[in-house]
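In what comes next, chain A is part of two complexes: it sits with chain B in the first one and with chain C in the second one.
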Partner chain A sequence: MNAPILLHMRGVSKAFGSTQALDDVSFELRQREIHGLLGGNGAGKTTLMNILFGLYRADAGEIFLNDQPVHITGPKDAITHRINMVHQHFLQVGSFTVLENILIGAPRKNRWNNRYDAEVQKIQSLQERFGLQVPLDALIEDLPMGMRQKVEILKALYRGVQVLILDEPTTNLTPQEVDALFQSLRVMVQEGLSVVFITHKLREVMSVCDRITVLRNGKNVLTLDRQEASEDAFVRAMVGEGMDLSRSVIFAHAGQDLPAPAPVPLLRVEGIVTAPAEGSVALKGISFDVREGEIFGIAGVAGNGQRELAEVVMGLLPVQSGQVFLRDQTLPHPDSRRVLKGDFAYIPEDRLHDGFLPRASVAHNLILGLHRRPPYSNGRVIDWSTVFSRARELIGQYNIKTSGPEDMGGNLSGGNIQRVMVARAFSATAPVLVAHNPTRGLDIPSMDLVYQKMLERKRQGQATLLISEDLDELMLMCDRIGVLYKGELLGIVERGQFEKYTIGQMMSGIRPQA
Partner chain B sequence: MKKSNAVFSIARAVLPYLLAVLAAFAAAGVFIALMGFDVFKAYGTILFTSFRTPNGFVQTLLKFVPLVLQALAFTIPLTAGKFNIGGEGQLLVGATAATVVGIVFANLPPVLLIPLVLLAGVLGGALWGLIPGWLLYRFGINEILTTVLLNFVSFNLVNYVCTGPLRDPGAGHPTTLAIGENGWLPMLVNNPPLHSGILLAILVVAVVYYVITRTVSGYELVATGANPRAAGVFGINTRWMFIASLVIAGGVGGLSGALEVAGAQHRLIEGMQHNFLVLGLIIGLIAKGNNLAVPFVAFFISVLEVGASAMQRTLMIPVEMVFIVEALILVFVLLSDLVQKRVS
Partner chain C sequence: MNEFWLTIISYAKLILLTIVPFVLAGQGTMLGGRTGIFNVAQEGIMLVGASVGFLVSYLTRSNELGMLAAMLSGGLFGLALAYFTTNLRMDQFVIGLALFFIGIGLSTLLPKIVIGVTLTPPLIPTLKEISIPVLSQIPVIGEIFFKQNALVYFSILLSVGLWWYLYRTQVGMELRAVGENPQAADSLGVNVTRSRYWTAIVGGMLIGLAGAYLPMVYTGTFTENMVKGRGWLAIALTFFGGWKPDTILYGALFFALIEVLAYRVQVLGTAIPYQFLLMLPYLATILVMVFSFRKARVPAFLGQNYDREKRAL
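On to the complex of A and B.
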């Protein structure tokens, strides 16, 4: 029983400069379906939907709505056609209430007073129908990410939609919030809406979508009903023929065969307290250790002190009390020279500000922090021929798309900048690696390479502190996971007892029953 | 394959400059023609005076020495992302220190006095770089402000020295006595007179280029300029880089003053800084802060400057015309950046 086709995008192409983001892509959305748009980073999923929402203009291609051609030249047109999009980064006013954020920019019945009775009634009925309960008079900035996302969906529903596009909606949600979101989506399609669900996570589309379209490198690969296809077919479609799946960490079928870490702590963090400051979360007495050959994960919804913790471990952020130890040696604090001394490697979260030199060459970037030691220098003079030959190796190994080591950093795209961060950190072979969202912006083969490199570190007895917003990534890679909530470590879970709902509860601030 | 690539990339880098120079000459040519002068004769004088007579070439080299050093005093801190607009203050303080030492120790033998005079100039200039550097390091005061303001302090310092105890009573302009002859730089060529400062200037150019492109400190300077936050996260002491680059730039600026004293003027003269600072800035900006390009641009600007004086003498066209050409070249070079971005 196939529902009629609501929306049809045909032959859509779009180029940004010399990169072809979309190449003759077609997309069909039926009535009353949740359609998963699946693909790695840079596959063109978001670009395609931004064209539908009118944020980009396609170079070629047509859009049909109910078999009628439509011209969408801006988000206003899209909204008139009852198409709306919830972006990965919410567009909200933090100091406004939920109600004000929902109503912002929408036509008002009576714009001469401040009474919103009719509007409130309409919103409340939407909330009840779709299970999107949010206190309307709360300030946005006080709400957790899951709630703020509901506000964003309500905003779309309030304007009236037949097509709702969600861009990576699960990024900042706990597993419980993901489940609630999926239930709401189910209700929406039962009420007659169609939903496009953009994601790079196969498991999510398999659990909620009716049909799935896979994009890779800006091209259609396949569209299938969920029931028709196996997970393997989608995996193959997402990664292409080039990748050796048998060595893959992400798609390993058997459970990970991780060697157990030695019981010797390599990095120890004890009683870290930092000062509260505007725009940052104070750490409240954090203690843990990372052992030889261990990957220790930090889970948590973004903005619960992850960045502060990484900066304390790297010696960048001053502490009020507490110490960082390396093999029982107290490290001086603060001290930004931990990478320089060769004990630490660092993949910062904010790659553009904290890790990248846009106005220097790729080679300069690849040796930042390693430039005072062999093989790159003798402490006084840089050995550029070694730097260049090593840089060429790294560019090849990590598949960094650039014209060469002398290319300016500013010419690289976000994903390639991340590859530079990763290549630099792993080539340092330091005893301790602090990796904050190391796979953000990477396509699947590059993600897999990062995981392989982490396992290699593990086999060599090095310690890795993996701070990530992606719970699946943590559960795949880590020996233990600590959960961070508002600057506190609520608990540490051992591998074997990983259970995403318990971790999810801790992520939303519920302490585990001791 | 490899070689043709390199040639191609150099051609690509030089082409916008050529176009910018042509466009500047064309635009200024309109004005020269409107003023009723012969454009081709004017440009012929500007471009070829330096190469027609030995004297012209020596004049060009003498111009080149302060200009290249002033440009480096601007581009060295620029590599670290800081703006030194205090080159003329550093020149004057360096010149003052060199003059004082040259007069006080006039009886020392040349092997001692010449290095002493030059060293005094370098240290004087470095002090004038250290003050803004320290204010930046300690209080975070914007270095553009402090370097510019210190220029005015140096004007008054020169005024004081030139009219005070070291004054030359026989001169009609605020000027000091001559430094001891033992402190004069030896001549490379006697007629036309060319002092050996040019060798020092070239040495400084080479050392600066080597340090910035080959050494660890140079790498850290470049990294600091490229993104100070990231450089700091990865262990580079960026505030130290700022202060060090300003002090070194001050030393180079001070050396330019010392060379003017020991080589050209042999005394401190009020106004001896001419417009070297502004020309240095223009050279540094046309070179886009690239320390390797600086000497070539500086030489080209020296040619224009020498040609300009000749043009005024023979054709009665005001020298300011050449200043307009130089500024237009800078404008067109900056424009070419925009055009390249649009095209690619």
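On to the complex of A and C.
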């Protein structure tokens, strides 16, 4: 039962500037186990594994492999020790082929040619053994995310691994692809590998991991065998004592009593067609409505037109045909002032590019787009004392970690910038909210706050369009879910009929039987 | 053979002779760019190369030592660029401009210190034509291609060699990966810092050699600001050639053709002002970039600095 310990990290600490990302963390990995590394965003899971992989240098701490101390100063050392990592954001060269991506940096007898017959054979046998079929001569940029992940795993296997680290591997996968991944992991463990599985999703670790370590705020909380512990123990460990679980949306297991939305469409989108363009997906005739008091979800694997859809609803992206209606009134299109007019609020997907001014203060960022309307302005002049007092309230309420409203936006961490986005969007109290991955980068209490605010909007009869890559999130929050595939809305599922695998099939392009 | 054909042959030969500074500086720029280092100091480095190459040749009466010294000085500029951008992560464009101005200053200062002011220009031996045995006997082609100076042969062989290296070897593929996504290359054990250093240094050496070509082939002496914008043209050429060794060679032919025409026009005094012709390469570069926008690939990481521990927000 208790396999010998393969890898031991002891007393690891790491600071980025003034933030202590890891504080005296220890981690133990046994042979032939899948070890879940669980924690909310910002808990330090990825940082810990980046140290093991040599991308980050630890301020303190030791690493032992088979009881021998090892010094890892770069990924090259890690690879020599047969440790490899699949990053959440794949480290691949888009303009190269799959084969080239696998072979970058691979040792060969003669590195002065490109005759790869022997290498191709080795890769093909790996593909068969672990069920990772990918066309080797395809360009990476042409492949869907699920395939690209297989490439990432092949890269690791090709170099020969004993420790494989997977960082949030399920983010861009459909439920079916997740199952296939878990099967491949099981095969790997049987063949003698050890796997570290980083995730913030409790359900995933419970279904695939042998042991689980929980991190919170850069500290060890506990390590347990899966069989020994209940789900509740892990939940408690992840969120800490400070959170009131009974009021939580995420953990209140007794089915949510969502008030049914009124049958009055508030936002209506009809026959939206957009032009195809480099690096974007054309929308092909999208129609749906979001009713008063409804949370309407858009599911789909990233890059299937979600961003374009959000931008059309916000009036930012021109359309070839189709219209957006608010309370049966046609809106002029394109019109980038929908937020300024007060009918719309927006949490953009790319917070740094589309939603945030790093050189402006936190207070400025918190009122961006709301600054022409009361209470912040009388229409001509901004009332700065109101702005700052409200900013202080929002900073407290949304737990934004900053020295104050005057602090420069660029000083905030990614998670805190997201809190600013969320605070701004909800404080706008607009009839329509378009929220694109609103909980990305948030820890669990903050995620929960976002969900509570969404339910509050629901009670007030406001419409929310929730675009998310997290199917669990959508199934938790939404009244209806539309599935987007290659710019097409393949179908709309009602809350009563939510079923992970049917939605997953639609996400991979299979139309539901009528 | 009649007069007309003899003129054509002499023009073709002259064009081939003129591609050298473009090819060397263009390939040097391309090589650095392949690891993300965008050198904009070509004009200054070429001037230094011309100045140092001239001085060493003058003092030693040896073109070879002059070329070696020019490459060494160009390599030093490349080393400085690599250090400031890779280790100190300073802005590449700002460092490049600073190196450009330092280059201009040094190039005029050095001859004044070493030789002083003279009434007649100090002269150095120019590069000799080398006839390739047998091949140079082929009519027309032999005259154009196989009776040239050593650097003409070198620049063409260099282009072929670089193409083979980048597109036909594993090491070249890894080098290209650094310029596309250094984080991916780093995570697979490719030494990003080392790649950036050596390409910047070798690139600088080639650019320095390109500068030394001017006094050693064209004039036999060094004059102030003798590079006359060829360094800037090298940047245009690199974009024109899509950062690929083979197309840069073809682009250099085109740029050289225009240079030769421009000077002919200037000598003959036709209605077309030669300044207009000198403008053509830039115009052509813009047109190429407009029309081949989708195909022209620039290394994705060009002009950026890599920091392994930088956290994505």
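Quick note on the criterion: the second predicted complex is superposed on the first by the 508 of 514 C-alpha atoms of A that agree within 3 Å, B and C clash if a C-alpha of one lies under 4 Å from a C-alpha of the other, contacts with A are read in each partner's own complex, and residues count from 1 in each chain.
We take it that a contact is a pair of C-beta atoms (placed from the backbone, for glycine too) under 8 Å apart; a residue touches a chain by one contact, two chains touch by 3 or more.
These numbers were taken from a predicted model, which means no experiment stands behind them.
Participant: Superposed on chain A, are chain B and chain C clashing or fitting side by side?
Facilitator: fit
Participant: Once the shared chain is lined up, is A:368 touching chain B (first), chain C (second), both, or neither of them?
Facilitator: first
Participant: With both complexes superposed on chain A, which partner does A:401 reach: first (chain B), second (chain C), both or neither?
Facilitator: A:401 contacts neither chain B nor chain C.
Participant: Once the shared chain is lined up, is A:112 touching chain B (first), chain C (second), both, or neither of them?
Facilitator: second
Participant: After the superposition on A, what does A:85 contact: first (chain B), second (chain C), both or neither?
Facilitator: So A:85 only meets chain C here.
Participant: Once chain A of both complexes is superposed, is A:104 in touch with chain B (first), chain C (second), both, or neither?
Facilitator: Touch status of A:104: second partner only.
Participant: Is A:340 contacted by the first partner chain B, the second partner chain C, both or neither?
Facilitator: It touches chain B, and chain C stays clear.
Participant: Mind working out whether A:511 is in touch with chain B, chain C, both or neither, as first, second, both or neither?
Facilitator: Touch status of A:511: no partner.
Participant: Once the two structures sit on chain A together, report how near the CA atoms of chain B get to those of chain C, whole Å.
Facilitator: When the complexes share the chain A frame, the smallest chain B-chain C C-alpha distance is 11 Å.
Participant: Can you list the residues of chain A that touch chain B in one structure and chain C in the other?
Facilitator: Residues common to the chain A contacts of chain C and of chain B do not exist here, since the sets are disjoint.
Participant: State the interface residues of chain B toward chain A in the complex, per the touch definition above.
Facilitator: Where chain B meets chain A, its residues are 214-216, 218-220, 222-223, 225-227, 229-236, 344.
Participant: Going by the contact rule at the top, pick out the chain A residues touching chain B in the complex.
Facilitator: Touch list, chain A to chain B: 17, 314, 316, 336-341, 346, 348, 353-360, 364, 367-369, 371-372, 377, 379-382, 384, 409.
Participant: What residues of chain C sit close enough to touch chain A in their complex?
Facilitator: So the residues of chain C in touch with chain A come to 168-171, 173-174, 176-177, 180-181, 183-191, 294, 297, 300, 308-309, 311-313.
Participant: For chain A, which residues count as touching chain C in their complex?
Facilitator: Answer in residue numbers: 16, 53, 55-57, 74-76, 79, 85, 87, 89, 91-96, 100-101, 103-106, 108, 111-114, 155, 278, 352, 413-414, 417.
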